[in-house]
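Here chain A shows up in two complexes: once beside chain B, once beside chain C.
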Partner chain A sequence: MSTSSGSKISFDTEWEYSPAPESTSHVTIEPQYELFINGEFVAPQDGTYFETINPATETAITKVAAAGDGDVDLAIRAARAAYEDSWSKISASERGKYMYRIARVIQERAREFAVVESLDGGKPIRESRDVDVPLAAAHFFYYAGWADKLEYAFPGKAPASLGVAGQIIPWNFPLLMAAWKIAPALATGNTVVLKPAETTPLTALLLAEVIRDAGVPAGVVNIVTGEGSTGAAIVDHPGIDKIAFTGSTEVGKIIQRAVAGSPKKYTLELGGKAANIVFEDAAIDQAVEGIVNGIFFNQGHVCCAGSRLFVQESVAETVIDKLKDRIEKLIVGDPLDKNTDIGAINSKPQLEKIEEYIRIGEAEGAELYQSGCAVPTQGFWCRPTLFLNTSQSHRIVQEEIFGPVLAVQTFRTVSEGIEKANNTPYGLSGGVWTDKGAKIFHMTSKIRAGVLWANTFNKFDPSSPFGGYKESGLGREGGLHGLMPYVRME
Partner chain B sequence: MIEKAKSTSQRLPVAKTYKIYVNGKFPRTESGRTYPLPGSREDPAANICLCSRKDFRDAVVAARAAVSGWSGSSAYLRGQILYRIAEMLEGRKDQFVSELVRTGLTKRVAAKEVAGSIDRLVYYAGWSDKVQQVFSSVNPVSSSHFNFSMLEPTGVVSVIAPEESALLGLVSAVAPVIVGGNTCVVLSSYTKPTSAISFGEVLHASDIPAGVVNLLTGQRKELLEHFASHMDVNAAVYYGEDSDEIQSLQEHAALNVKRVAIRSHSDFQKASSQGPYHILDTQEVKTTWHPVGI
Partner chain C sequence: MTTSRKTETPAFPDLSTVPRVDRVGVEERCARFQTRSIKKESKLYALNLVLSMIDLTTLEGQDTPGKVSQLCYKARHLHDANPGLPHVAAVCVYPTLVRTARKALGDSGIHVASVATAFPSGLASREVKLRETRFAVDEGADEIDMVISRGHFLAGDYSYVFDEIAAVKQACGESHLKVILETGELSTFDNVRRASVLAMHAGANFIKTSTGKVQPAATLPVTFVMLQAIRDYYCKTGRMVGMKPAGGISKAKLSIQYLVMLRETLGKDWMSPDWFRFGASSLANDVLMQIMKQQTGAYQSLDYFSKD
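Right after this comes the complex of A and B.
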C-alpha cells in the first residue's frame, strides 16, 4: 500500500477481530505458594502470605508466601551450604548439563509459562509466548554452554566463582529476568537466592519446580517471594557475595549505598529514557513500526523503551500523522487474547503513576494525543499515548514513566539530535533510523548508552550484552560480558 | 549381527543390513562392493559397504547442497541440533556399548567411550554461539571506519575419521566441523565401522538437515586421494600418523588450496582432544569495512 502525499490509508473495514483467547485449561494454579528453599517448598516462618492479582481483572489469582528476615537467612544459608557441598565440587561440564536440562524443560512447558506470565503480569500472550519464554529458555541454553568454557572468556586469568548471589528482579519480564539472573550465576559456579517482584511471583515459582525437577542439587537455587523488605534483607545479609539488581534507579542508588564498604560485588540494571531518533532518510513506515514497538511493547514497561522520539523536522509531520494513524489500530485489552497488542498495566500503583505523568505533561503544556480505542471496564489499562510539542525541560521528557507514553520532539541537524538524545541522566539504550550506514555508526558512537538499535528496536538475545551507561546502571548482563560480574579473577 | 537360533522353537533374530548415510538417506554403495565386518568370524553375514570414488563424489554433491541452509541457520539452532544429537545418542547408549564391545573393548571402556561421545556433543553444542564471540574482533583501524572480523564456515569438509576410536573419535572429528556451519563427508573407521553406521541412524533421528553429515565406509588407501583432491571440497581433516598418507593428502589438497588439519590424537578422552581451535581449523575470517560519518 502506498500513499500519495496528504492521503491517508483507510484501515476501516466491516471486519472486527473475533476474540482469540488462549486457553488456560492446561495451567494449574495452586491455592497457595510457598518459598523455595533448599530444594523444597516451605512455609514462611511467620506464616505471612500476600495475594497476587490478575491486573486485567483485578481478581486474586493465588496467595504467595512473604519471606521475612528469618526466611531470607535460611535461604542464604542453604545457598552457602549448596555452594560448599555440591555446586562448587561438581565438574563444570556437569554443571552445564543441569542447565541444559532447565532450558529443555522450559521449552517443553513453554505454553504453561506463557499463560501464567500473562495472567499474573498483564502482558499480551503474544509477547510472553514469542519473546519472554523462548528467550528465557535460550538464556539457560546459552549460559549452559559457558560453564565448561570459562577460561576462554577471560584470557590470561583463571576465573573463580564468588559464592552466593542475591538477585532481585522486577515485574516487567518476570521469567526472563529470572533467567538473566540465574543462568550466568549458575554457569560460573555460584549459588543463588532470588527474589521475584511482589506483583509477578508465579513464573519464578514455576521455574523453581523446573529446577527441582531437573535434579539440580538442593539449595543451588532458592526463590524467596516478598516485597521490598525481602529484597532489603537479601542486600543487607552478610552471607551474600554478589548482588544483581534490576529495577528503578532510585532503589539502585539505595543498594549501592547499602553495600558501600562491604566486599559485595554488584551489578545494577536500572531505569532508562531512550532516544529513538528518526532521520529524514529513514524508511518511514518501517520507522513508525519501530517507534510503536519501541514504546508500546509490553505496555511500555521496559527499561530500554524508546520513550523519547526525536524526528527530523523535514519529516516530522508525516511521521507523526502516520504514528497517530498507527496507534489508533493498536488493540488494548485481554492479555490472553492472541490479537492483543497492549495488555494490562501491571498494577494499580503503576497505573496511578502513569496517569499522574499524563496530568503533569498536560500541565506542562505538551499536546496530548491518545488513541480512541476501547478498553475493558475492569482491570488496569492505559491507552497508547503521545505527547507532542514537548521540550527538554518537561518532566515527561526527563523522567522515566514506565508506561505507554511517548514524548515527541523534533531536531534539525545530526549534532542537535545527538545533543538532545544525550541530555538525560539515563543511558540504557537508543535507536537510530536512517538508510545511511555511515550515519548509523556515527550516531551509535556518539550516543552515550549501553545498547543501540539501528533500524530496529527492542531486540534481545542471550549472546548480546545488555546494560546501561550513567544512571541506567553498571555491569552488563547477557553475552560473554555477562559472565564477568559473577567471577573473581585469579 | 547375525545370531543363530539356538533351537527350532526359538525366534530367529532379524539381522541388520549395514548401509552408508548420504544426504539423509541410507543407500548401499553404488559400487555394489562389500567387505566382511573385520574380526567377526561368528558373524559371516555382516557385509560392510566398500565405498567408491563415485560414492564420495555423490556425497560431496549432497554436502555442497546442504551448505547454504546449514551455514545460514542461527548459531543457536545449530547448538540446539547438536544437543539433540546428544539426546538421541544417550537414548541409544546400550546399543552403542554393545557394538563397541564387539570391536574388542571391555564393557567398562565401551561405556566410557559412549558417555564421552555424548558429553563431547554437548560440549560442542555450547560452542555454537560462543566461538564467534571469542575469536571475532572489532579492529581499531586508524581511519574513520567501523571494521570487524568474524568467522565463517569454509564450506564442505572431507574428514578421514580415526581408525581406532570408532565412536568418540568420530564424534570428536565431526562435531567441531558442523558446529561451525560446515557440512562434511566422513570416511569412517575401516576396521570398526559399525559405530559410524549406527551414528548415522542417530543423526537421522536428530533434527540435522540432510547432507550436513555424510558417513561412508571403505578403505583409506582407495579413497584418501579423492578426499584430498576433490575440487568442490574446501578443507580436509585427517586423523592418523601415516606419513605417506599425510604427505599425499597435503599434496592433493594443494590442487584447490584446501585447508588441511592433521591430528594424531590417541586418547580421545583427554580434554586436549576437544576445543575451539578444532572449530577454527575449518573457519574463514572475514573482515568488513564500513564508513562512519554523517
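Right after this comes the complex of A and C.
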C-alpha cells in the first residue's frame, strides 16, 4: 500500500520555541515536612528524615519525615478514634460537605499542586496542570456526590463502612492516586492512613494541608511518609480493616500473602503490559497519535500504558514510518516548561531499570529506534524508544518496563490479534483502533483486561471503574464499582 | 473529458487507500497545538512570518478599483512607522480587479491572486469556469484560487471534480493553482481528506480550506487534516503542495497556533510563504499590533494601524 518516494519531512526548523517555564513564585517549599497524624503535623518518633529530590536536576528539594512502626501505630489509632468518635457518627451529607470542600480547595490551589507535582516527580507541567490535578479534584467531587446516596448505589442493601483503610500509593500519579484512594474511602464513611511513595511525597502532604484547612475532623485522614517498611507496617497492623494498594505486581503479591488469613479486605491495582491494537481500517493518523499518548504519557510511568503495539501487517510500514516521524517532534526536557511533552524519569533506580531493559531488547535482537531529541545533561532522562521486530518471546514484550519504551509487533488476523493481546500474565488495559464498530465490540469482549479503549487511549474519568484481570490486580477503583471495596453489606 | 496534451497527464488517485479520519482524535491533537506556549523571540519570529504569509483579501460585491488600489498600498506598506517589516505574500481579488491590483503592486514582489471558476458557489459550466480562469491569468494573476464543485463531490462524482481541477490547472498555464475545497460544505473530515487527495493528484499547487463565504471557514482541525494529506502525498510522490487556510483567522494568537501546527506536521520546508498562506482581511493589523507590543512593551490603539 505504501509506495514511498523516499521523501522525508524535516523538522529541523530555525523557528525554535523559546523557553516557557511555569512560574514557581507562588509555591513555598518548607525546609522540612512532618507526618500528618490526628489533624496535626508531627515529627517522627525516632527523628528520621529522608530527602526527596527533583529528578530533573538531581538536587534535593526538601526533607520528609520517615514514619516508623510507632508513628504508623499512632496514625492508625488516630484513624480508629476518629472513625468511632466522629466520622461514622456524622451524617452522610456532612461527609459529602467536607469532600466538596477538599475538591474546591484543590481547584483553588491547582497551580501550586501542579508545580509541586512536576518538581517532585518529573512529569511535564502540561500533564500535572491538565490531567493530574483536575482529575484529582474531579474524584473528590464525584465521590462527594455518592456520600449521602449510598443506598441508591446498592439498592435493597444496607452498605456499612469498614473502619480504617490503609492505603499505599505509587510515584507515578502521586496526587491523583491519593485522591483515588481517599475519596471513595471517605464517601463510604471510613477513615484513612495513607502512605505516599518515597520519591514523591510532597503533593500528598499539600493535600494534608488542604484536608486540615477544609475542617475535616482530626484523624479522619492521616498521611505517613516513608519507604517500603512504612507500608509494611500499615499492611501488618492489626488495626487495619482494609488495604488498598497501587504499585508493582511484586509488592502486590507480598501484600496478598501478608493479609492472607486475616479479616482485612484488600484491593490491588498492579502492573500491566497493555496491547494497543491497530487494524488496517483504523484512522491511521489518529491511531499514531494514540500510540504516542498510550506509551509516552507520563514518561511511560503508567500501569495501563499501551506498551505493546500490534499493527496489522498491511499497514505496519505506514504506521511505523509515521510513528518514527511523530516521536521526533516530542520535546523532552524541563518538566516545568509548558512546551515539554516528556519530562524526567522519576528516579535513578527507575532509569537504571529502563536502561537495563533497553540493553535486554538489543541483546534479544529487537531493532532499536530512539528519537534524536536532545536531553539535558543533569537529571534522569530517557528518549522516546521503539523496539521494532519484536515477538511474544522477547522479555521486553513480556515484562513491564514502566518507561517510554514501546515494543512493536505485527499481526495478520483478528484472532491472532486477540490471542497475542491475551498472551500475558497481565490484564489491566488495552486499546483497539478501527473504523468498524462491530470489530470494536468483538475485540473488547475478547480481550481480558479491565479497561479497554476504542480509538483513544489513557482516558480517565472518576465515573469509570478501573482495575485489572490476572496479575494486574483485583478490585475496582472509580465509579460506582469503586465504592464496593469500602463497604460491607449488612 | 478534457484531455491534457501535456506529457504528464494527472492520474486519478486510488481513493480506497485514503486514510479515514477520526474527528475526536483530530480535535485532541489540535488542542495540544494550542497549548504550546510561544513567547519572546519565538513569538516575534512567528509574527513576522505570519505577515509574510498573508494573502490580503477583498472579495466583496462592492469592490472597486479604488478599494483595491488602497489595499495594494497597504500590502506594500504594512506599517511604515516600523521599518523592516516583511510585505504580505499576495493580494487576493475578483478577476475584474486583477489588472488594477497588478498595476498597483508593480515590482513589489507581491503576487496577485484571483478567485475564479464562479467563486464562491462554483455553479457554472465548465466552459465558463475555464474562460474565467484564462481571463484572470491574462489580466495578470500569478495565482488562481478555484472552487471545487461541491455538489458533484457530495454526489460521489469524484472523477468530475478531478477532471475539472485538472482542466483549470491547464488553463492556469504558468500561474499557480490553489484549490478551494470549501470544507464548511463537505461536512466530514473523511470528505476533506478525500477532496484534498483529489485536488493534489489533479495538479493543485495549493489546497485551500474555504471561500470565506461559508461557515465554518478555516479551523485548526480541518487545516490539520489537509496538512496530513499534504504530508502523505509528499512522502508518496516527492511533490510539495502548499496550504492555505482562509476565513475566520483574524487574531495573531490563532495564526501562531497555525504555525505551530505547520511546524510539527510538515516541518521546515513548508515554513515559508511559498508553501503556506493565510487568506485573511483583518489578520494583518492584529499581527502588527502584537509586533509593536513585543517591541515596545505596550499595546497601541487600533487607530494607529491603517484600515484599508
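Convention: the second predicted complex is superposed on the first by the 478 of 490 C-alpha atoms of A that agree within 3 Å, B and C clash if a C-alpha of one lies under 4 Å from a C-alpha of the other, contacts with A are read in each partner's own complex, and residues count from 1 in each chain.
The rule is simple: a residue touches a chain if its C-beta (ideal position, glycine included) is under 8 Å from a C-beta of that chain, and two chains touch if they have at least 3 such contacts.
On a predicted model such as this, the values are computed, not experimentally measured, just so you know.
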(request) Report for A:D281: first if it touches chain B alone, second if chain C alone, otherwise both or neither. (result) second
(request) Using the touch criterion from the header, give the chain among chain B and chain C with more contacted residues in chain A. (result) C
(request) Could you say whether A:G145 touches chain B, chain C, both of them, or neither, answering first, second, both or neither? (result) first
(request) Would you check which partner chain A:Q378 touches, where first means chain B only, second means chain C only, and both and neither mean what they say? (result) neither
(request) Quick one: classify A:S229 as touching chain B (first), chain C (second), both or neither. (result) neither
(request) Tell me which partner A:K439 touches in the superposition: chain B (first), chain C (second), both or neither. (result) first
(request) Considering only touches as defined above, state whether A:T456 meets chain B (first), chain C (second), both or neither. (result) second
(request) Could you list which residues of chain A make contact with chain B in one structure and with chain C in the other? (result) none
(message) Applying the document's contact rule, which stretches of chain A touch chain C when the two form their complex?
(response) 1-20, 126, 130, 281-287, 289-290, 321, 329, 338-339, 435, 455-456
(request) Could you please specify the touching residues of chain B with respect to chain A in the complex? (result) 75-76, 79-80, 83, 119, 122-123, 125-130, 133-134, 146, 276, 290-294
(message) Help me check something: in the complex, which residues belonging to chain C touch chain A?
(response) 17, 19-22, 24-26, 28-29, 35-43, 45-46, 49, 228, 231, 234-238, 259, 263-264, 266-269, 271
(message) Per the contact definition, I'd like the list of chain A residues that touch chain B in the complex.
(response) 93, 96-97, 100, 138, 141-142, 144-149, 152-153, 414, 437-439, 441-442, 445, 462-463, 479-480
